[in-house]
Every structure is written in structure tokens, then in C-alpha cells.
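Take a look at the structures below.
In the two complexes that follow, chain A is the common piece, with chain B as its partner first and chain C second.
So, the complex of A and B:
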């Protein structure tokens, strides 16, 4: 029964189910899109003047703010991804607690489809969120210099990150005993851009923190997106970013699969 | 998928399972012919759900083997899954989807075509009285409706063997009777049902054969009639106003089971009008006032008591208050 064609067909069925659930429960999607927008506005309008002056060396106020929008938007896009995958952990945990997973497990379906349905659903939701957040950023003065290729490449990096973090969150959702735990477990993902080059350059940080900030996975990803959108040189950031994504995706996938195949107690 | 029509629906030998040091199943054997209702009866924690989980491929047994419709659990789990349907005690419906969508989801997962899926969904909505609620999310349903939808979802794939794990636990009496009606209808259509319950009355009503599970072991197995035959006849229970009347009555009626706290006597009696009259006449002659009299014909409750020595048998555990057992008190007369 577990031929590849059934795996595909069952995944499509599960994807339809997840998309339908997202439409049925829009408050979650709205919250997940709303959070990065709030952060964007907060950082640009409240802190933007001062921070922009700090990092650019130009005058404060409006010109600093204009520069800071360009600096911070890539970090906000990353945060959009982190927020969206938080939704995945929650919906996976909801499935686990509602008992419908037990039903799926007793059916002759391609087992992995239960999880791939979530992963592909999240990818679609995240692309939607990214479009909305980018739209807001453009409205408030985000002026990237990238051409279509740069945009596409940046989207590719963000999609790779989404894919990786989603598998991680599918596992986190499965390990959580309740929906509440599941919504808290991915919190560190939302904080990581702060402890990297997301909001301020790392060389302004004290040594220990700077060391962490420079080597944590989000920094090369943010730097890649930033460079791709602004046309700046990439260095080895892109390779590092994709490497991290591959490692997180593989780890998350294997962990998820192991959790899903374990016995229900 | 290959079916082996001659093979029995369920066979199991020596199924064992422990969680850490706690032995949940201590080796049970099962044999369920096709087209019958088999009921596994036991109190909470007896191992009923563990048995269902093992037979439905959710849990691996520590020891023993089992076959469903001829397919080995360990080596052909997908063939087993294709032959079974499971409705657990906690409903497995998608709360955000409507009845329609839940049923179509099942049809898609069974790889039925669109037209066939729609046809089956339609038929099941009809059969389970869910037509009016078909476009409402399952989260808004009552417990009984949700359980009906749950069972309907199980039936989309036309399973040959259906596991019903405590299908009426937590339902009101009306929904419970509806569920019984549905189960009888399923049996008539030829499927095999493996039913677990903690309600003796339910097993008595539905099952062809009953196995009593106590602390991970099967302590008895047989038809409801066979099990009832294994215990002594009926009795009447007499309640008195005070200890003095109780004392006198105990002397008059001879060897009885006596409860000084409840002020009751249990007197062996077949419950016929003649023998009841004789008993009451004797008490009347001794000027004993009987406060209350109830006649008990032997039922599975007594069987359970006799077999497990556990006074907190099935119907007395859990939410017994929701489930008065009318079969237990055939006649209740309050004198005076």
C-alpha cells in the first residue's frame, strides 16, 4: 500500500485538510502574520531613528530610519518564518491531542503523508505571510536594490529555512504534551534573530555574545537575505546558510519520523 | 489487497504487554469468528484498551501473536490496517472540519474515487442522522453526534473487522441506545465487531460471546447465557427500618447474607410470585416490618462478582450514576 504514488496522493489529501483547517481557524494565521508586522513597525518607528544613526554613521531621525528599514527587514522576514512554523508546532500538537492521529495510524495510508501535509501547508502559509510582510515593509520605505534574480534567490533561502524549521517544529509539536507547550517550544526561534545580526551588527556586542551571534545559524541566513536583496557581496554566507538549513531539515525530519513511528502509549 | 475469506476475523495467542514493571496484559488468547460480536468486558485498567491498541497495530505486544482476517499483525501491518476500522473512546474526528469534510477526508485516504466517496459520505450521513449538521464543524456537535460521526468515519473504508473501544462511555442513555441500534445494524450487514465495555448490560445486549478481562487475564469466556449459568440463582433483598427487625427477620428466614450497616438481608429466591408470597407470609407471622423489597434475577453483574471477587465490578465503577442498571432491579416494592 505504501507505493510512492499513494504517498503523493495521501500527502495531497493531508495538505487539503491542513489548508482547510487554516481557513477555518484564521485567527491563528492572522496572529502569525501580525506579530512580525508589529515588530517591523516597532523597530522602524520607535527604535529606527536611533539605531539607523548608530549603524550607518549618518544623522539620526528620518535618514537614519530610512536606512534602518533596509537593514532590519531581512530580520523581520526571518521572524515571519519563525512565527509561521510556530503555528505548525501548534497544529501538530492539536492533532496529537485530538486523537485523529490514532485514527490515521490505524489506516493503510502512507504514514509520512500526515507530516508532509503539515510541512507543505506551512510552506504555503509562510509564503503568504512573507508576501504580506514584504508588502508592509515596502509601504514604509523598504527600498531593496535587488533585481528579480536577487528576489527569487532571497525567497529561495527563506523557503529553505521554512522547510528546515517546519520539520523541527513538527517534531516539537509531537513531543509536546499539550497545545500550550507546543506554542512555547519554538519561542527561541523567534528570539534568535535578536541574538544575531538581525537588528544590530554583531560587532557592537560584547565578546561572548558576539561570538555566539556570529556563529549561530540565523546570522548567515540573515546576512544572505540582506546581501541578496541589497546586491551586496555574499561571501560564504549563502553556503553556510544553506548548509545550516540542510542540517536542521535533516535532523528535524529524522526526529519527527522517529517520534511519529514510536508507539502511542 | 488480499483477503482470506476462510480465516477467522481475529485470532490471538499469548498476547502480553507491560509498561515498565506494570503488567497490563498477562497473556491472553482470543478467537473471534467472522460476522459475530465479541465483547471484552472489564473494569477501568483491566487492559481492554491495550488489547484494542495491539490488535489495531497501534502498540506492539511484548509477546504473543495475532492475526486479523488471516493477516499477521507483526509482518503484515498494512494488510491488517486495510481490513479494520477503529473507533476509540476518545473521538478521532477533525473538530475544525464538518461532517461532510471529515467523511470525504476518509474517502480520499481510502483512495476512493470522487463519485464513490461522495456516494458513501451521503449514505453514512443519512444512516447516522447527521444530514442536518453536515455543514457545521464537528467542534459544535454533542457527544452523541460526535461519536456517530466517529463511527461513520470508521465505516467509510468498509472494514471487515470493527474495533469499538468503549463506544458508549460518557454518552447519555438515549445516545447509548442509538449506538446499540447502530451496532446491531452493522452486525446484520456481516461485519465482525470487537467491542470493549465496562457495562455488563451492554455486553449482554450486543455480544454473541463475552470474555471477562481482569488484571490482564481472561477469567471467563462464553455466551451471555453460559456465563449467567455459572452463578447461583437469584435472590431478593429486604431492607428493614432498624436492627431489631433485621435480627428477627434473620432468624425467621434462615441462612442469609446479612448487611448490618445497610440493614439488609439477601435471601435466595427464584423471584416467582408463589415463593415471594411464602417469604412475606413468614415475615408477617413474625411481625417483621419490611421497609423495602427488591427482586434480583442473576445478571452479568453477579457473574463478574463471582469471577473476579471484586465488588467494584464494572457497573459500579466510574460514572455508574449516569448508568442505572434497570435489569438489576426487576421489581422494587416499598411496603408500608
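So, the complex of A and C:
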């Protein structure tokens, strides 16, 4: 058996371990799915009437709310990804602090498989979360005009983002001294969609904040998902989105690998 | 073989209030316990941490979601920051009350209260001391938020400095009233995690299903019905009225009486709960 096939087999074992943990402790998954749903309901029903009035020139109230649910859902899907990867940081920190990694290091298993198991496990969990959140959004009036290709492309962008942020959170989980610290470390990832075009158009923001919102990584990702689901023109957003995902993924992977190898030295 | 029996001396505590009680006055006890809690403020990190969430909300709502001012039912000619800040004062004050409950639950869990029981002190003074500390911490917290809102975001309501200070005082009183309910809960539950969960589950809907961030008229009808019976709506409206210089006596008195009632009921329940072994 070749080295890559050993690595694949070990990664599959670690993935199975992570999926078992998710099934055994469903409260974490429920919390990670619950948070975006709460925000979706909050923004559509409480703020939708007022914020929807400033989008697409519609009136406030019910018409504004109907318009706003289509505008805000892509941001909530992004928040779903951010919430799911927060769980990764926590589970990696648990592994690092509880001593299981030290045991794995004494075994004849591919080093990378420990981290890869976390990443693929999070990808599966996130896809499940995205399906649930999209279902709730459709129930409360989300009406995208995308065809199957648009849906698949949007899922692809969200999967790329999940992959990138998961590697970043694997690194954050390793740097955290405790599980509590690990749960707080990815907080900026939850905040960034708010400081982008996720909830309101950037041109409604004050100058300094608008500049930040237009150039931060989450804005082109949100705009890409929004355009793919609504059938609007993409512009250069998709290229920027995938570029950001690649940079974050590579940075997160290299950082994670460096930390993991340093720990074992 | 003779049996030697040693009589256990009777310890007179403040609770038993016997004739042998020579301890300090209740006022002194309260001040000592408040001082003990206030030592936490020597570490400014705790105060800074408690300011992060309200400050993030202040920035988000005043800068990112300021378009709410264009929505239905928003008062004509009002800046969103002027509309928002009295609500931030009330919601931050009530959220700080959650800290009061969790802090007491922590004291009860780590055995500090067991030591106090062995001392000649009234256990109620532990609660009052804790409550005073939370009031001082809350005043500092809200004061910093007010200065930040005025300096960074141009908060300058029609009621001027007097109106703003009255809104601050009302927010503090509302928070103090709510803190007694949570102190009572903590004295019975004695679990930090449960206290935090109860606080979050109660606060989240109360905060957003109210007139705090958007006018009630802009909500769906079913949510308007909830917001109109939400006690936080009355507190926010009274605080906002004071800041705008347009408060009605009934709204302010209503908020004060409700808070005082909460403090009385909470205080009575807490006094009973803390005496439990």
C-alpha cells in the first residue's frame, strides 16, 4: 500500500471519529444550526420592514420584508459557515488539551489525517447546516430565481469558503490554551458579514466603514452567492471570492501544519 | 468506664440575633461585602470585556443599520443614534443584571457562602453588597458608553445633558430591579451555567421583540402584539422620552414602579433562598 493510500485510509478513520463525535454530542450541531436561524428570523421579522425599505427602492413593512429576505439570506448562509467552523476550533482545542493527540502521535498513522478528519467532518456538517437554514429561509419567503446550475455554483462557493475557514479554525484551535478561548477566537468571522454587504448595501454606510466593507474578503463572497442565487450578473466577484478562499485556505493549512509539527517536535 | 460528653457551645450568629451578638451594623456589613466585590474593578480587563458587546452593538446599529431610520414608524427628524442610545443604556443595564446572578451563583458554588455562614453576619448583607457592586459597575459601564456615543457618533438628544442623565438614571434603576430577580434565581438555582442560559434565553427575545432598535409600528402584527406587552418596551420608551425631553410622567413612573416591584419580590425571594443550607 502506497503512502497516499495510507494517508487516505487514516483520514477516513479520523473522519469517522469526528462524525461519531457529532452524532454523540448533537447539542453542539443544534447550537451551530440554531444561531443562523435565530439571526435569519430576527433580521427578517424585526429589522426586515425597516431595512428592506432601503433596498431596491421598495416601501417598508411587508413589501420591504419580502424584498429583504432575498437580500439577507446569502449573508445568513455565510454566517452558517462561520458558525460551523467555530465548532471546529472548539473540537480541535478539545483534542489538543485532552491529550488524545499525544496518543495519536505514538501510533503509525499519517500525521495530516488528524487535521484532515476535522476539515472533512466540518464540510459535511456545514452542508447539512446549509440545507436546514436554506429550508427555513424558503419557508419564510426566500424566493431565489436560480436554476440547478446556479444552486450548485452557490454551494460550491460556500463549500470553498468552508474549506478555507476550517483550515484557519484548525490553526486557531491549536493556538488556543483552552476550549473557552477556542470558542471565542473565531468570533471575528461571525462579525465580518455584518461589516460587509451582508445585511445592508455598502453605499448606505459611512465613508470609512464603506471602504472597509468593500475591500474585506466576505463582501465578494456574499455578492457571488447573492448573484448566483438571484441570476444577477456576477462581475468580478466570483474571481475575487475564489481568490480569497484560496489565500485563506493556503494560509490556514500552512499555519495548521506548522503548529501541528511544532507540537510534536 | 465513664463517658465524657462535651457540650457543644452555641454560636450566636447575626441570623439567630441572640443577646450575645456584638457584631458590626448591617450597614457596615453591606459596605464590607460591596467593597469585597468592588475589588474586581481593580482589574480593568473585566470592565473592558463587559463593554465589548454593547460597544459592538452600538457601532453596528448606529453605523451599519442606520437605514432603520428610513423605515416605517420612525419619528420624523430624529437621528438614529439619538433614538438608539437610550435603548442601548436599558438593554446593557439589564444584561449586566445577568452578570449579578452569575456572579452570586459562582460565589455560592465555590463555597464562599459557607464561610460567611460561620461568621457573625446577616446573609442578606451579602446580597445587598453584591447588588451595590453591580450598580457601581453598571454606572461605570454606561457612563463610558455614553461618552463614547457622544464623542464618536454624535449622540446629542433634544433633552440635552439633563435628559440624558435622567435616561441614564432610569436605565440604572431598571437594571437594578432586574438584577434582584436574577440574584433571587441564583440563590435558588446555584448553578453558573444554568444562570447564564436562563439569562440569555430571557434577554434575547425581550431585547429584540421590543421598541429598542426599531419602532413597533414597523414590525409584523403578531410581533407588535408581543412588543406591546414586553416590559422592556416600556422601560426603553420611558428612557427615550427622557432623552428626547418628551417623557410623560406615567411612562417614567410606570418603569420605576415596575422596577421597584421586581426588586422587592426578587429581594424577598433571594433572602429566603440564600438561607437554604
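By definition in this document, the second predicted complex is superposed on the first by the 260 of 265 C-alpha atoms of A that agree within 3 Å, B and C clash if a C-alpha of one lies under 4 Å from a C-alpha of the other, contacts with A are read in each partner's own complex, and residues count from 1 in each chain.
Rule of thumb we're sticking to: a contact is a pair of C-beta atoms (placed from the backbone, for glycine too) under 8 Å apart; a residue touches a chain by one contact, two chains touch by 3 or more.
All figures in this text were calculated on a predicted structure; none of them were measured in a lab.
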Using the superposition on chain A, tell me whether chain B and chain C clash or fit. fit
First (chain B), second (chain C), both or neither: which does A:206 touch? second
With chain A at the vertex, the Cα centres of chain B and chain C span an angle in degrees (to nearest 10) of 80
Which of chain B and chain C A:53 touches, first, second, both or neither: second
First (chain B), second (chain C), both or neither: which does A:246 touch? neither
Just checking: does A:195 make contact with chain B only, chain C only, both, or neither of them? Give me first, second, both or neither. second
If we overlay the two complexes on their shared chain A, which of chain B and chain C does A:100 touch? Say first, second, both or neither. first
Under the stated touch criterion, which partner chain does A:17 make contact with: chain B (first), chain C (second), both, or neither? first
With both complexes overlaid on chain A, does A:138 touch chain B (first), chain C (second), both or neither? neither
Distance floor for C-alpha atoms, chain B against chain C, superposed on A, in Å, equals 18
Can you list the residues of chain A that touch chain B in one structure and chain C in the other? none
Per the touch rule, the chain B residues reaching chain A in their complex are 1, 19, 53, 56-60, 78-79, 81-82, 84-86, 88, 90-97, 101, 105, 108-111, 137, 153-154, 157
Listed in rising order, chain A residues that touch chain C in their complex are 38, 42, 45-47, 49-51, 53-54, 59-62, 64-65, 191, 194-195, 199-200, 204-206, 209
Residue positions on chain A within touch of chain B in the complex are 1-2, 6, 9-10, 13, 16-17, 20-21, 24-25, 98-100, 102-109, 263-265
Give every residue of chain C touching chain A within the complex, in rising order. 56, 60, 63-68, 70-72, 74, 204, 208-209, 213-215, 218-220, 223
